[in-house]
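Alright, structures below, take your time with them.
Below are two complexes that have chain A in common, paired first with chain B and then with chain C.
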Partner chain A sequence: MGNVIKKVLVLLKNLFFKRLIFFIGIIVVWQVLFYTKLYPVQMFPSVKTIWDSLVNNLANGELLAKTGFSLELIGIGMLIGMILSVIFTGLAMISKVCRNFVDSIITIAHPLPGIALLPIIILWLGLGSNAIIFVIVHSVLWPMLLNTMTGFSSVPKLYKQLGQNIEMSKIKLVFGIYIPASLPNIYAGLKISWARAWRALISAEMIFGASGTSSGLGFYISQKRYDMDTPAVFAALIVIMLIGILVEDIFFNQLEKRTIGKWGMVSQ
Partner chain B sequence: MKRRMLSLVIVLGLVASLALTGCNEAKPGATNAPTVGTIKIAYQNGLSYSPFYVMQEMKIIEKYLPNVKVEWTVLASGSAVSEGLAAGSLDIGVMGVAPLLTAWDKGFSMKIFSGLVNSPLGLVVLDDKYMSLKNFTEPNKDKIAVPAPKSIQHILLSMAAQKQLGKATALDEYLKALAHPDAQTALLNKIDIVAHFSSPPFLFSEVAKGGKVAVDGFDAFGGDFSFLVSVASKKFMDEQPAYAGAVYMAMSETIGLINSKDDAAVQVIMSKEKLTKDTAIKYLDWAGTNFTTTPYGLAGLAKYMKDVGYIEKLPASYSDYCWSTATATIGQRAGGPSVLEKAQNRK
Partner chain C sequence: MSSLIEVKNVIKQYSNAEGKLLTVLDGIDLNFEQGSFTCILGPSGCGKTTLLELIGGFQLPTSGQILTNGNPVKGPGMDRSMVFQTFDQLLPWKTVFKNVEYALTINKIGADKKEREDTVMKFLSLVELEKFRDYYPHQISGGMKQRVAIARSLAQRPQVILMDEPFASLDSQTRNTLQEQLFRIWEKANVTIVFITHNIQEAIVLGSKIVVMAKSPSKIVVNIDNPVDAGGGIRFPDAKGYNECWKFLHEKISAQTYKEELIQENNPDEIC
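Now for the complex of A and B:
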């Protein structure tokens, strides 16, 4: 266990330093641009005002509450999307007709932006969180499904025959061979889905607005824009980026390391 | 007058012939002269912005400035207008007074150029139960749609809540931020909201489809107020005073045409809003509608916004956030306020 923590620390340190240099670079360029006064101060605030706004809005709990609300929605949406993609993949595995059907839906639905569906979603699902969750599910389901199915179909025939040889049932075959063998694809699907869901959520919230006192990061951005509070808009963008980095570095990387990395399924 | 009509007919004839022959033909008359500058103007969609699109379609600015190119942009939100003005990509735009005061408070370099329109806003409900604000009792069920928190619609609702319920924030947890078209669909189809703080033309069509006005905007405010004003950037006013003067003249002329229901102007409005002539006239004549270059209710709104903390400081005088084109229409009566000065405050 201690070994693992040590390894994580080394990895983080390495990444951390690379990123740190990158961020310092951005900050310096930003501040220099600020001093040139090429853009009005109200629209191009200094690094300090953005930092102050970030600290203030984190301290008063507003940003944290909005972030929590957004993360909750995304969690629900991703879970539903994953369950649905498992069901669809299962169906596609069972019969050829289903597979053609699922392929067709993916072709039709995958390129469709969730935001374009909003006017119809409002009529069907109303104006609450359900509508936003629907948009998230839509953006999660198709890439997830596409990747899982690609993974399943690229499982070597030999594995399948091996499973059949030792008389594995169909379900055992799926869980014992197909899923583990296509994990790299499933992870890729998860990563893409996460990024898509995050984008869909923020844009949906920006259009959709808030209900009473509960609202997420996207609405926070559009409200701060309405208030002409540009530093707070940047503060929210920083939070979005931080969450992206955290999820990517901590969650996905660790998940990969502990499963497919350990099993030698990806080249590290 | 006859000459004006004649020139109008000529201008319209030219526009029509251009439209028929396509834009590849040589440009007629004055526009053959080299263009010396551009004016960048933006407005949003909707009947209340009609002076701008009528001015565009009838080429009224070009009448005063034949050699100047006017670049028109239709923007989707008021936020984009203030950003464009601040960034210098716009010279003149249309905004609500509340966002303009926010912009002034934050130090954006733009001021009110002229009034544009006073409009009847109102809280539209379908169910008689909600005619009284006291009957909004369940924050999760009795939702009220407004375009955005701190919008004029939200402010008017707070003012009404202050009067009817004794507390400005009494209805804040009932709010649902929703753009007008979505709110209209939701209200009329009884989806999740029971009331919509609406503005023209949505207010008109909602009332036509059975909606009732539970709170009148002017009653809530206590007097008339400018729903929209035109706003000019400091850069434009400093660097192009002659252009500014011409735009002001053109705007006055256009508002005159709309108020007198000039045929050509009404035609433009009909085609833009996709209305029949009767409906267009009915909307323009809706009680409370007033296209005017004089701003109304400025001081009253500023004071309210300061009281509830939407802005941090109170303007010391109108010239803090109005160009002289606007302050001059309000005037300054010696020995006590004039009618128009009084009209800047809430009763």
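Now for the complex of A and C:
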């Protein structure tokens, strides 16, 4: 009997089961609220209708296509954001003038919501995917840059001395010492950027609508709202959350475990 | 024996926050001979680390000259390798092996991978850590980390190893063991070592030469050949002349502290 309890406790410790219990809790509360009929069904659908909508929309390929399109835009946006942040960080490393310049840009641009830039972006880039990518890059670049620069400036003096001692060139110093030593900060920046990218993408899509022939999850959500297909709206939200969990738990966790976790660079 | 490193009338000044000049080193003259093991003693804050960083080329003197093999020091280089006090001096993302190998890879020392590996393993076995080659720094103890740092320095094949209180954070048991190990390595590897410490015992055990620095602004107070005779072996407290030497050094260092306090009482403005 004691053994069984122990095993159950071990299972509870497991993140997956903790999460599962949490989700079951939410589902139960949701369903109870549904049964009280406090809100109209159009606003507050039952768990079952949401589930059916999710399964149907996944099965007919519509939701998957939209998700795929959104992910593609995020991927492009994050890639551009990462490249730009490496370039900016490099510039900031080269000279003090550049550093001040980059600091000023961050101070000005970071608090600026991408949506506030929309009118100008539409004027400049039109209504296509490019405009959405621009908003994503804007939301990704600054937190990434901020974290990378924080990481670089908190590299211990001793590591720099070690690098100088063994006569490393500036480029080797950046790739061999600065980047690995700043990985905890760089990962933090990546995580924040990833979350910001999703937000930017969905809101931009909801405002821009479809770009050309294809469209993503944001457009899907606003379209379903027009149709008063509330279960489908929730289904899309569930997909966004699932992707978030997958990326966080599988991609980022594994990445950290295999690098800074293995190297003892995280406080556990 | 020829002079490998010459420190000639070196003065080092910093300006503090109020723009006032603060003299840390006030005319230091020292010679480090090929194959010597010099221990530099001094009260804390006397500029021992500054002197080491000047020799290492991480800072430049305000005036005076530092020469290695007759050439002025212009910056850090492979010929002068550092071992620090902190345990965090290994790169955490590299294994013990890779940490030692890094300087060799960066500078393309050794004909091929195999030759580099042999070099690394030779020095890892010198500090008796060949079994830990694939461990990451966070998986080994503080004393082991310092040994890896020593192996890393040796593998760099420097003309001189500059050690900044490398054993100061260790427990006394480990410290004694590492002192003996370092002494044997110095005998075997025929390297020149400049070793900073604030521990008199450590200076007597290790140093072929012992230097005492005064409190800042620093001058050299004592510069002697280690008088303790242990027949070339390690100088344990039962060696001839150990006690006298300890007392002598202790007096010299206490005199520094005492003098400092007197000055402070008389004109407190002169102390920064």
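Everything below uses one rule, namely that the second predicted complex is superposed on the first by the 253 of 268 C-alpha atoms of A that agree within 3 Å, B and C clash if a C-alpha of one lies under 4 Å from a C-alpha of the other, contacts with A are read in each partner's own complex, and residues count from 1 in each chain.
We adopt the following convention: a contact is a pair of C-beta atoms (placed from the backbone, for glycine too) under 8 Å apart; a residue touches a chain by one contact, two chains touch by 3 or more.
Owing to the predicted nature of the structure, the values given are computational and were not obtained by experimental measurement.
In the three-chain model built by superposing on chain A, chain B and chain C fit together without any clash.
Of the two partner chains, chain C is the only one that A:Y159 touches; chain B does not reach it.
Of the two partner chains placed by superposition, only chain B is touched by A:P40; chain C is not.
Of the two partner chains, chain B is the only one touched by A:G128; chain C is not. Contact with chain C, but none with chain B, is seen for A:M168 once the two complexes are overlaid on the shared chain. Of the two partner chains placed by superposition, A:P113 touches none, neither chain B nor chain C. Of the two partner chains placed by superposition, A:G61 touches none, neither chain B nor chain C. Aligning the two complexes via chain A yields an angle of 150° at the C-alpha centre of chain A, spanning the centres of chain B and chain C, rounded to a multiple of 10.
The gap separating chain B from chain C at its narrowest, counted between C-alpha atoms of the superposed chains, is 50 angstrom.
Within chain A, no residue touches chain B in one complex and chain C in the other.
Within the complex formed with chain B, the chain A residues making contact are 39-43, 119, 122-123, 126-128, 207-213, 215, 219, 222-223, 225-229. Taken together, the chain C residues at the contact with chain A in this complex read 56, 58, 75-78, 80-82, 84, 86, 88-89, 91-93, 102-103, 106-107, 136-139, 156.
Against chain A, the residues of chain B that register as touching in their complex are 79, 82-83, 86-88, 99, 102-103, 106-109, 139-140, 143, 148-151, 172-179, 182, 185-186, 189, 191-193.
Those residues of chain A lying in contact with chain C across their complex are 156, 158-159, 161-162, 164-168, 172, 176-177, 180-181, 183, 259-260, 262-265.
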